[in-house]
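Chain nomenclature is as follows: A, B, C and D, assigned in order of appearance, with residue numbering initiated at 1 for each chain independently.
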Amino acid sequence: MAKKIVRKVLLMLPVLFLVSIILFTLMEVLPGDAAYGLGSDVSDEYIQQFREEHGLDKPAYVRYLDWVTNMLKGDFGVSLISGLPIIDRIKVRFPVTLELTLLSMIVAVVIAIPAGILSAVKRNTLPDYLTSVLAMVGVTIPPFWLGMLMVLLFSITLGWLPASGYVELTESVSENLTRMIMPALALGTQFAATVTRQTRSAFLETLDQDYIVTAKAKGLPQRVVIWKHALRNALIPIVTTIGMQTGRLFGGAVVIETVFTLPGIGREIVNSILLRDYPVVMALIMIVAFIVIVINTLIDIIHGLIDPRISQSQQR
Amino acid sequence: MKYESNFRKTVKKFFRRKLAVVGLVICLVMLFVAIMGPSLSSYSPSETVVEDRYQPPSSVHLFGTDDLGRDMFARILDGARITVAVGVGSTCIALVAGTLLGLLAGFFGGVFDTVISCFMDALWAFPAIILALAINTVLGPSLLNIFIAIGVVYIPDFFRIVRSRTITIRELEYVIGARAIGQNSISILWHYVLPNMSSTLIVQTTLCCAKAVIAEASLSFLGLGVPLPMASWGSMLKSGYPLLERAPWLSLFPGICIMLLVLGLNFLGDGLRDALDVRIRDD
Amino acid sequence: MKQETNQEYLLEIKDLTTAFLFDGKPVPVTVNVSYGIKKGEILGIVGESGSGKSVTVKSVLRLLPSPPSSILNGEIYFHGQNLLTLKEKEMQKIRGNKISMIFQEPMTSLNPVYTCGNQITETIMLHQHLSKEEALKKAARMLDLVGIPAPESRLKSYPHQLSGGMRQRVMIAMALSCEPELLIADEPTTALDPTIQAQIITLIKELRDSIGLSVMYITHDLAVVAEICDRVVVMYAGMVMEIAEIRDLFHAPLHPYTQGLMQAMPRINQQSEMLYNIPGMVPHATQMPTGCRFQPRCPYATEVCSQACPELVDAGDGHMVRCFHYEKLRKERVQNG
Amino acid sequence: MKMANMKRALAILLVFASLFSLAACGSGTNEEVLATDDDASASVESPATEVSAAETGNGIKRGGVLTVAKMTNITSLDPTKSSSIDNDGFVLAQIFETLLRQDEEGNIIDGLAESYEVAEDGLSITFKLREDVVFHDGEKFNAEAAKFNLDWYISEECGHINYSSELTYVDSIDLIDEYTIRMNMSAVDASILASMTGLCGYMISPKTIKEGTIATNPAGTGAFKVKEYVEGDHVTLEAFENYYRMGEDGKPLPYLDEVVIKIMTDDAVRSANLESGDIDGVDYHGSTNSILKFENKEGFQSHTVPSVNNYFVSFNLNNEVLADIRVRQAMAYAVDRQEFIDVVLEGYGTTVPFVVRKDQWYYSDYNPYTYDPEKAKELLAEAGYADGLTVKMYYISREPDATAVQLIQAQFAEVGITMELEGMDRLAWIDLVRTQKSGELGFGVLANFGYDASRQFNSTTYYVDTTKATRLTELLPKTRASFDRDERLKSLHEYQKEYLDNCYHLFVGQNQRITSYKDTVQNVNYHWYAVAKYDEVWLSE
């Protein structure tokens, strides 16, 4: 098992390297220049000075090498536009996106998996229809629209929840949570819907297996048959879906952070791309990519733990 | 039991599922609307009539009019063409590229496989919207570029599925048998491996169309969806939002259309998955 | 249908009719199945696939999922209790404890993600309330009993690490871990190759002799029946056609279907190239013929066979048969020896 | 099994219906907002109610937090790092103060300098500074501090081209006494006084300049100091206890405890937050939809921000078709500017010939181009395009630009010009149109902060290839060459005439920036360069 984990971790490095290459070429090819980002009434001389000051006129591969060496030294560099170190921005923004994604994952998993199991076990009954309907709606509604409808309903019409803003968890838990409910639900809905549907089909398939009949023939109560024998086998495809979805979650966070004005990484990445502030874009996307890769590796490891067959056979 | 061709049995299984049929109907209607486009309505989608702006849905204007007095029903029809095109276009790109790479990587393995897999993992690690946003900005907004921008995001999905299926199929006897009788690799892939995963691919394609439609809507929320004179349902959704109080129909109708299309695609996808899955008995 | 005194039977099935849903309508798959098994007896249940033999035995432990399947009528008596009316809680106390079952596919009958030890001790602790250590010790003893080498280490291994034969032995160990009175074996050796098949059969026979286990052995293989069974129930198209001692079944089969089965079995010294097979196919549950269900394929079928369905009658010292012409057929066989 | 599916489909439709009825009814609560569209095109004069006169003396309540949302990202809290008023002026104006100020008519009045005196030859200006001013970090504001600031602005080390371009003619600063300094000029520059009321006039605490910590903890002399700054998200400002200006109740300004300025780039999100009460006001509305929403909405007040966006069409003079002035003029005649105001800006705008607002002292109504399609056709025929012409327009894919270009496309079609459209993201557009690399027409916007005429006119050359318009570069310095207003006016009008005659840009119209605040926000006024002043604002609840 350990050998497999080491191999997976080692594989992360080339992937991260490739991410940085793709990222850098994308930013290089973007038309327009960070200098213009400062404002439309910027004089030509200032643009020239700005380029020299930030070494933008150096050839691309030189800039890339500088960036990589700094990155390895842990120096995330400085934003082109504001000149402030990017690490401060990350310290403030990363916890927000992390909390948003974790919350929506928890909201999703805590709701989705039991709902999926319930509708699989009680197939073709009312709870089954209700869950499948909600899951279907969850998948079809575009997240940003769901968020905006929620703002319209809960903030404007009913006035129960604030429409924007963020309060650190350390400052006041209640304030933080009231501001995070809607974003977490808006982001989590699509995630929950997919996980529910996946859980339901995984469970239906598992309950058809022979070893479930054996378990029943051994006189085990229904509860044990489901929560011990069926769950662990069904978890394998469920965990894969959760893994695949987390990658998409960060993408979704970008939109939700804009709808609810949360100071997260997603929104900052969009702004920085539009302003061509490439050091910020590179730093933030590398972090997000790193997290997604770590999560994928974790998912593979969890796979190995759940399913002994995998740790033996060398399935990539 | 008289012998039924496998195809007819699948079709019969498909049509026994009510929801799958509903899904198929919705998709066919959407396709028809997309192909016919604004010609279905007497108004032209871009004709601005300043006097009758913000008219609620009436017999004259089925879906009301927008802030420039354009007939919403015509715009929805026009939007249908663009939204369906984005859904289908980007899915084709993802399908072709993902499947091709998946087959090659899965079948040949070795260094080629590791390199492509790393590249795909790298693409995968990018937050989806950001990749689409960056590609869209680089290539500049045009319909084709939107296809590419959204398509590239879903290539890893197809790649992973095709690759893992190819690895399992490659070990099966009849593939080894085919190789034994001197078939070259390409024809093996084409005749033996690909048909074997056709059912999963069909299901994945329908579901990917649904995801692409929603991805386009999110992109247009960030202001980088389909270039503005063109309006997909997603961009209508966004531009109609501030007017939700003043003219709710501007945002609600595109929203309902998107949800209906995605719903149809999902029902179709589920129906196909059950119908094509040999294991599921027809209870 | 008078039945002998049923105290003699350990378990008795009376007029069991189970149905499955086809296009939403329940269609009977087994009709008025009645037979019983004595203590310490190995009862063979023979029939082509689709004859309803495994549906019947699964109904004994009520393992069939309720939406598609349903029990229309009939009782199953075990120690005087009707299993069909027991509450689920009581039924769970019987399953794996008093009556246990092994299945056909060893590859998929064990849970792939738990060790064999875990799956065996689970039953022991459930029914015999032993502590983990004692359960493990007992499990090891059981594995040893079924002939698995190095039982302690085998407890820790996962099902996919064992061969088909090994897994079937683990299934048997698991089934017998709580000393059940009755073992239902649903085609346990079909999926195994002959050498392993022989070992499993001898194992079951030894268990029957050593711990007085009664076994319901379901198979379609007459050679196995000859090897292991005391008495045999022949089933066809969901109905019991003949019940006979092993000797009578092979030497004086009364029912034309049983005779057909006997002829279809290849003999070592058989000269003719063409193997005999019974013409036609088993009809689908929804297209059952009227009268005797075998009459379309029966060489001796007459008018009456297609009008009414014969009763299962006693043709002498417990040899039951469901055929109008068995008496006539028996005389002809005796004449031409 | 079949019945089950039917039940599932019905349940789905039920959920949809309930989801939308909730949303729809949610939106339809206040009926009177659905104003019919006739008053939308109300006359320009009173599109928004004027601010009620400040309550006198005792009515004022102190304390409270004002939360405001602004549209564009803050580039930096360091004035020398910021190059655009639009992005950062909104925040910097609350923290820093300038040497001089301007009143509504644009006359230069006192600021941190009580008075100023221009020498006879116009080559030196003496500033008499206030003696009761302190920086946020406790440093004293005196002549030495002022000299330090100005020396730094013109120094190589600060190198902020924007400053130096405005301060090109400033030679040196002399220290006269503890509260007097003299600025020596190498040439007469009338706009230096205006510069002293803008970015170049900000007085920053010398301590922070020396330590180079301006961006992280800026220290000015303004009514608020920085409490917290999360880049790209929000700035929290708190009242500066020993601010030298007094309020109506005799105690030091400001009345508010704190001001929170949030960045919300999305207009729909911003108006949702205003409606839900999460924010008390916005810098200005990003779309006419939001203006209409809050125009006469109960509980809100709207007023005009003294700053405008000038929408224009730029011409790439290197393109041989557009090099012909008749083609450019034909296009200028082909555009119906009033329809642009009515349709695209829904009445919230004015048709002006150039970039100057009607209320500014250097406004001139010299306008050679009115809507005249016939003349446009004649000119086109003259230029040899009688049977039509095809051009391509590049624009930024956002509102109102996208709607505007479609309108212009329709109007050009009437005179035989077929126009292809290509939208792109803002920086890609600037890169293309500004460097005149390729492309023919560009649709863009120039913000007019109006704090200095010459600087304002200078921005009209950003999207013109000045090598093809040398006359402009000669006229520009003249517009600032004399302190005498009438003389400046002459050269300013001359510049406008030269510009319009050569039709370097086609000016389509000006939209007023409209903002809305809750009724509880009293006494919002504006700095001369279009930025809200919160030092005299108080909350009635």
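In this section, a contact is a pair of C-beta atoms (placed from the backbone, for glycine too) under 8 Å apart; a residue touches a chain by one contact, two chains touch by 3 or more.
If you're wondering where the values come from, they're calculated on a predicted model, not measured in any experiment.
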{"item": "Most central chain, judged by mean C-alpha position against the global CA mean", "value": "A"}
{"item": "Chain at maximum distance from chain C, centres defined as averaged CA atoms", "value": "D"}
{"item": "Distance between chain centroids, defined by C-alpha means - chain B, chain C (Å)", "value": "52"}
{"item": "CA centroid of chain A to CA centroid of chain C, Å", "value": "54"}
{"item": "Rounded Å distance, chain B centre to chain D centre (Cα mean)", "value": "43"}
{"item": "Euclidean distance of C-alpha centroids - chain A vs chain B, Å", "value": "22"}
{"item": "Per-residue multi-chain contacts in chain B, two or more chains", "value": "137, 140, 238, 241, 244, 255, 259, 263, 283"}
{"item": "Multi-partner residues of chain A (at least 2 other chains)", "value": "30-31, 124, 136-137, 141, 148, 152, 258-259, 274"}
{"item": "Sequence positions of chain D contacting 2 or more other chains", "value": "1-2, 8, 12, 16, 23, 27, 268, 424-425, 428"}
{"item": "Complex contact set, residues of chain A against chain B", "value": "11, 14-16, 18-19, 22-23, 26-27, 29-31, 136-137, 139-145, 148, 152, 190, 244, 247-248, 250-255, 258-259, 266, 269-270, 273-274, 285, 288-290, 292-293, 296, 316"}
{"item": "Of chain D, residues touching chain A in the complex", "value": "1, 4, 7-8, 11-12, 15-16, 19, 22-23, 25-27, 29, 73-76, 78, 81-87, 159-162, 165, 215-216, 230-234, 262-266, 268-269, 272-273, 275-279, 424-432, 434, 444-447, 459, 462"}
{"item": "Partner chain A, residues of chain B touching it in the complex", "value": "117-119, 121-130, 133-135, 137-138, 140, 157, 210, 214, 217-218, 221-222, 234, 237-238, 241, 244, 251, 255, 258-259, 262-263, 266"}
{"item": "Chain C residues within the chain A interface of the complex", "value": "61, 63, 67, 88, 91-97, 100-101, 103, 105, 108-114, 122-123, 126-127, 158, 160-161, 171, 174"}
{"item": "Chain B to chain D touching residues, read off their complex", "value": "16-19, 22, 46, 48, 50, 53-54, 67-68, 137, 140-142, 223-224, 227-229, 238-239, 241-246, 248, 252, 255-256, 259, 263, 283"}
